[in-house]
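Each chain gets a letter, A, B, C and D, in the order it is written, and its residues are counted from 1.
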C-alpha cells in the first residue's frame, strides 16, 4: 500500500488524564452548546492533560456530520491552547473517516481518536484494519490515536494490527477500553521501541494500567470526579502505590455505574450532582428511572463521594 | 409516549423473496449508478417480490446521507411500481432515523427496513428499542419493517419488544437475520393475531423459516442465485417439501460463502460470475485474495451452480 | 491412528423420538430407582423409539461412575427389548469414556451417546475431537451417537469433524442440541451418502429439524408431553405441515421453560403435574422458588396444556 | 441454610506463589508418579509458598477419583510440611465435592481449591453457587479457596456471591483466573474487612494483580519459570515497580503460550526444556505438532528465556 514518505514519528506526547466529555442536549434533543462550554470552563481547575471530544461518551454516534465538527469548534473556543483536544473522527468508511479527520483538524483538534470501524465485523480482519488506519494516518494533518472499545463495537483491535500500526510515524498511541490488562501489558512490551503510548480507556483499571506502563487515561468518570482521577494519576507516577490502591478501589464502583451499568444517562445524571451540566440524552437513550437514580446515588455515597 | 391515532393496521403484505441489493462502486469508490441500474434491469426476469435497498449487503454503513437517498431514487427509476422497494433507513439516533425514513419515502420507498440502533448496546434495552421504533413508526408515511441482524450489530431485538411493537398499526413485520429458528417460531406464534409477518434474513434457513410460518426472505444469495431462491419459495408454499429440502441443501454453502465467510466482497465476486455487476467495495472492506476467490468458486462448483 | 478394520457401517436406524429421561432423587439426594422405573412403566403408552439415559437432563454430571452404570441397568430391566436404550457414556478423558462405554453396553445399552469432552475447550480442536471419537468408536461394542450441546459444554462439535466422523462404520449419528438450523441442514447435506442420521436435541426446533432432514429428536419436553412430541413427529413424517406448525408453536414456550429458562428443576416440577415422578435434584441445582413455579405453570396453561 | 457455628475465621494466610503442578503421564497414559515427585524435588530451590495440586493444569478432569487422591498423597510425601499443598477438590455435585474434600484433607492437603461447578451453567446462579460453597466449607476440615476459571468453565463466579462467601469463616480466598483486573480490584475492595485473600490465576496479570491488592498467584508458568515468577513477586512486594514491569513484560508471551495458546501440551513441552518432566498428556489432549513446538520455542527465545 502507498504511504506518504514520513521519515520520523512526529514527537507527540499524549500522557495524562482526559475526560471524554459528554455532549449535553436540551430537552428537545438539540446540542446545548452553552452547557457544553460551561462544563469546560468548570474543568479549568482540574489538571487534565486535555479533552477527548466525541469519544463514545460524547454520543458522537448520535450527532450529524455537521454537529460533530461544530462541537469540536465550540470546544476549542473555550479550551486554552496548552490543553490537548483529541477529537473522535472515526466513521465506518475510510473515506468518511479521512474527511472527518480533515475537518476536525481544521476546527482545532490537536489529534484525532479513531475508533475501529465495526459494522461488518466479520470482515474487519487485521489486514482490513491496518489498511484503514494507514490510509487515515497518511492523510491526517494531526497525530492519530487508535481506539478500541469492544463493549460498543463488538471488536477488539488485534494486537498484531496494533504492533504494525505503531510503526507509522503519524500513529502515536492507543486508547484501549477493553480492559484486558494482560493484553495491554503485551502491547506496551511489543511497541516499546517506537515510542507508542497507551491510554487506559477507563478509570476502572487506571492504576493497573500505570502498573504495566500506560501513560494516562481517557476516563468517563473524569467528567464527574476529575480531580480524583488526576490525583490517582499523580499517586501512580510518583510511586505512591499504597495510597493509589486505596483511591483506585473507591473509584471502581462509581466508574462501573457511569459506564457499563447505567451508561451515558448515568454519567450525565452524576455530573449534575457534582456541579456540571449533564443535560438530556438523545433518543434512543432513555433517562434513568427513579430507582436507577437511587441506585446510582448510593454507589457514590457508599464510596464516600457524596 | 405519544402515538398518532391509528385505528387499524395498514393492510400491507410483505410476503415473498427480496435480494438485499449490493451497491457497486467504481474503482475509486464512487457509487456506480449505471451498474446498479443494470443489475435491476437484469433482475426483471426473476419473480422477486421486490428489492431491499440498503440492507447490510448494500454497504449502507459506508454511504453518506445524500448517497443513501440518491440510491433509493435511482432504484425506483428502474423498478416497476408493482415491485416493492424496502429501503433501509436505520440510523443510530431516533431523529436521524425519522429524517432518513421521510426522505426515503419521498424518494419512492414503499416501506422502510429499520435496523436496531446498536452502538450503545449496553443501554439498548427492550424499553429503549420499543420507544425508538414507536417514534419512527409514528412518523413514517410508509410501513415499517423491523430488522434484527446480530452478526453486525451485536444485538438481538428482544422477543418481548417485538411482540409489543407488532401491535403498532404501522409496524408490519420483521426481518430476522439471526437464524435462531426456535426464536423465529416463537415470534410467529406470539404475533399471530396482529397479522405481523416474518421474513427470514438469509437463504441458509429459508426452508426452515417457511416450515415455522415465515412468509418470505431477504436473502443476500438472491443477488446471485435469484431464480433458485424464488424456486425454493415456490416449492415451500406449494408443499413440495422433499424437493425443497434438496434445493435448500445445495444453497447453504453458497449462502454462507457470500455472507459469513467471505462477506460482501464474496457476494460481489460471485455476482460477476452469474452475469451481474458486483463492482468494487468501499474501504475498509478489502477485495478477496486469489486463494479466497478459488475457495469461493469451489463452493459454487461443488454444489452444482457453476 | 489405529482403527479396527470395519468394512461396512453397522445398519442401525435411530429415527424417532426419545425423552432424555430425568433421574429422580430422594429428598436426601439418593437416586430413587423406584420412581425412575415407575416413570418408564408410565411411558409405555407413548410411541417413543426409545430412551436416552444420562443425557444432560439425567443429571449425569452429578452421578458417580457406579450410579451411571446402575441407572442404565435399572432402566433396561423395565424397558422392553424393542425400545432402544441410548446411554450417555461421555467423560472428559478418552480412556474413561471407553471404560464407561463398555460398562454401559454390558448393562444393556443398545447405543451410546457421547458428549464432547469440553473442560480444556481451548484445545478441543477438530483434530483432538476426531481422535477422541475414533478411539471410542473403535472400542465400542455398540453404535456411537455424537452429542453436541454447546449450552452446557461451551463447545460446538465442528462441522468438519462431524463429516470426518460420519464415515466411521460405528458412528451412526449426531444429537445436535445447539439448534442452529443452517448448520444442521449443512451437516445433513454433507453426510448424506454415509447414512449418517441427525436427531434434533430439543423440541423447540423439532419441526424445523424434520424440514431439513433430521430423523427424530431427543427432547427434554418429551418427559412431560411425550405423546404430543410424538404426535409432532407423526405430522412431520406424514407431511401434515400446517398442523405440525400449529402444534410446534404451542410447544416452544413449554420447551424453553423446562430447558433454558428453568432447567432440570423446571423439568422435574412439570413432570409432577403430568403424572410422572420428577423428584428432587442433586445439589448444587436448587428447587424452583414459588414465583418460578407459578411462571412455569402459566407457560403450560397459556399454551393449553394445563 | 444450615451452617456450623463458626465464630471466627481460621487464621490462614495463602499469600505467595504456587505452581499449579502438571501431572506427567507415561506414554500409555498412566500417571507417572516418579516424574511427578522428581519435579517436586527439583522445585525445592524455588521460594514457592506451596503447590496447587489438581488445578486445571494438573489435568484433574482426566483423573479418576482414586488417582486424584493418590496424586495428593504422593505430592505430600515429598513436599516439606512448611510448603502449603492446596488440592483441587471440585466436582460437579456438592456431595462429590465434599467427599473429595474430605479425602484430600486426609491425604495431606492443607487447603482445598474448589472450582465452580459448571455443567448446568444456565442454573449456576449466585444463589446456587453460594449454597454449594457453604455446604462444602461447612464440611471441610481444611480452609477453602474459591476458584473461578471462565476459560474452562464458561462461568465467572459472580462478585456478589464472592462477597457473601467471603464472610464464611472457612472460606479464605479466591483464585481468579479470569484476569478482569477491574473485577479483581472490586472484589478486594469489597472483602477487605474479612481478611479474604485473592490470588491471581495467571502470570500474565500478576503485577497488575499485586497493584490492586492481590497477595500472590497460582501461575501455570511457574512450572517452567518458577524462579522468575517468584522474583516478580519479590519486586512487587518490595515496591520495585519499574523492574517488576520489565520482568512482567517478558513473562506475558511465554505465559500465554503455555496457557491459552498451546494449553497443557505446551506447558509440558516447555517444562522439558527447563529441566522438568512434562511427560505425556492424557487423550483427548494431543501433543503439539512440530510447527507448534517451534513457535512455542521462539516465544521463550524471543523473550530471552532460552
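Note that in this section a contact is a pair of C-beta atoms (placed from the backbone, for glycine too) under 8 Å apart; a residue touches a chain by one contact, two chains touch by 3 or more.
The shown structure was predicted, so the numbers you read here are calculated from the model rather than taken from an experiment.
Novice: Counting hops between chains that touch, how far apart are chain B and chain D?
Specialist: The least step count works out to 2.
Novice: Give me the chains shared as neighbours by chain B and chain C.
Specialist: none
Novice: Averaging each chain's C-alpha atoms to get its centre, pick out the one most distant from chain D.
Specialist: B
Novice: For chain A versus chain B, what separation do you get between their C-alpha means, in angstrom?
Specialist: Averaging C-alpha atoms per chain gives centres 34 Å apart.
Novice: Can you work out the whole-Å distance between the CA centroids of chain A and chain C?
Specialist: One centre to the other, that is 49 Å.
Novice: Can you pull out the residues of chain D that are in contact with at least two other chains?
Specialist: There are none in chain D.
Novice: Pick one for the touching-chains graph, please: line, ring, star, complete, other.
Specialist: ring
Novice: Dump the list of chain pairs that touch, please.
Specialist: Touch list across chains, by label: A-B, A-D, B-C, C-D.
Novice: Could you list, by residue number, the parts of chain A that touch chain D in their complex?
Specialist: Touching chain D: residues 179-182, 185-186, 188-189, 192, 202, 204-205, 207-208, 210-213, 239, 241, 245, 248-250, 252-253, 255-256 of chain A.
Novice: Where on chain C does chain D make contact in their complex?
Specialist: That would be residues 29, 56, 61-62, 64-65, 92-96, 117, 119-125, 127-129, 131-132, 135, 151-154, 260, 263-265, 282-286 of chain C.
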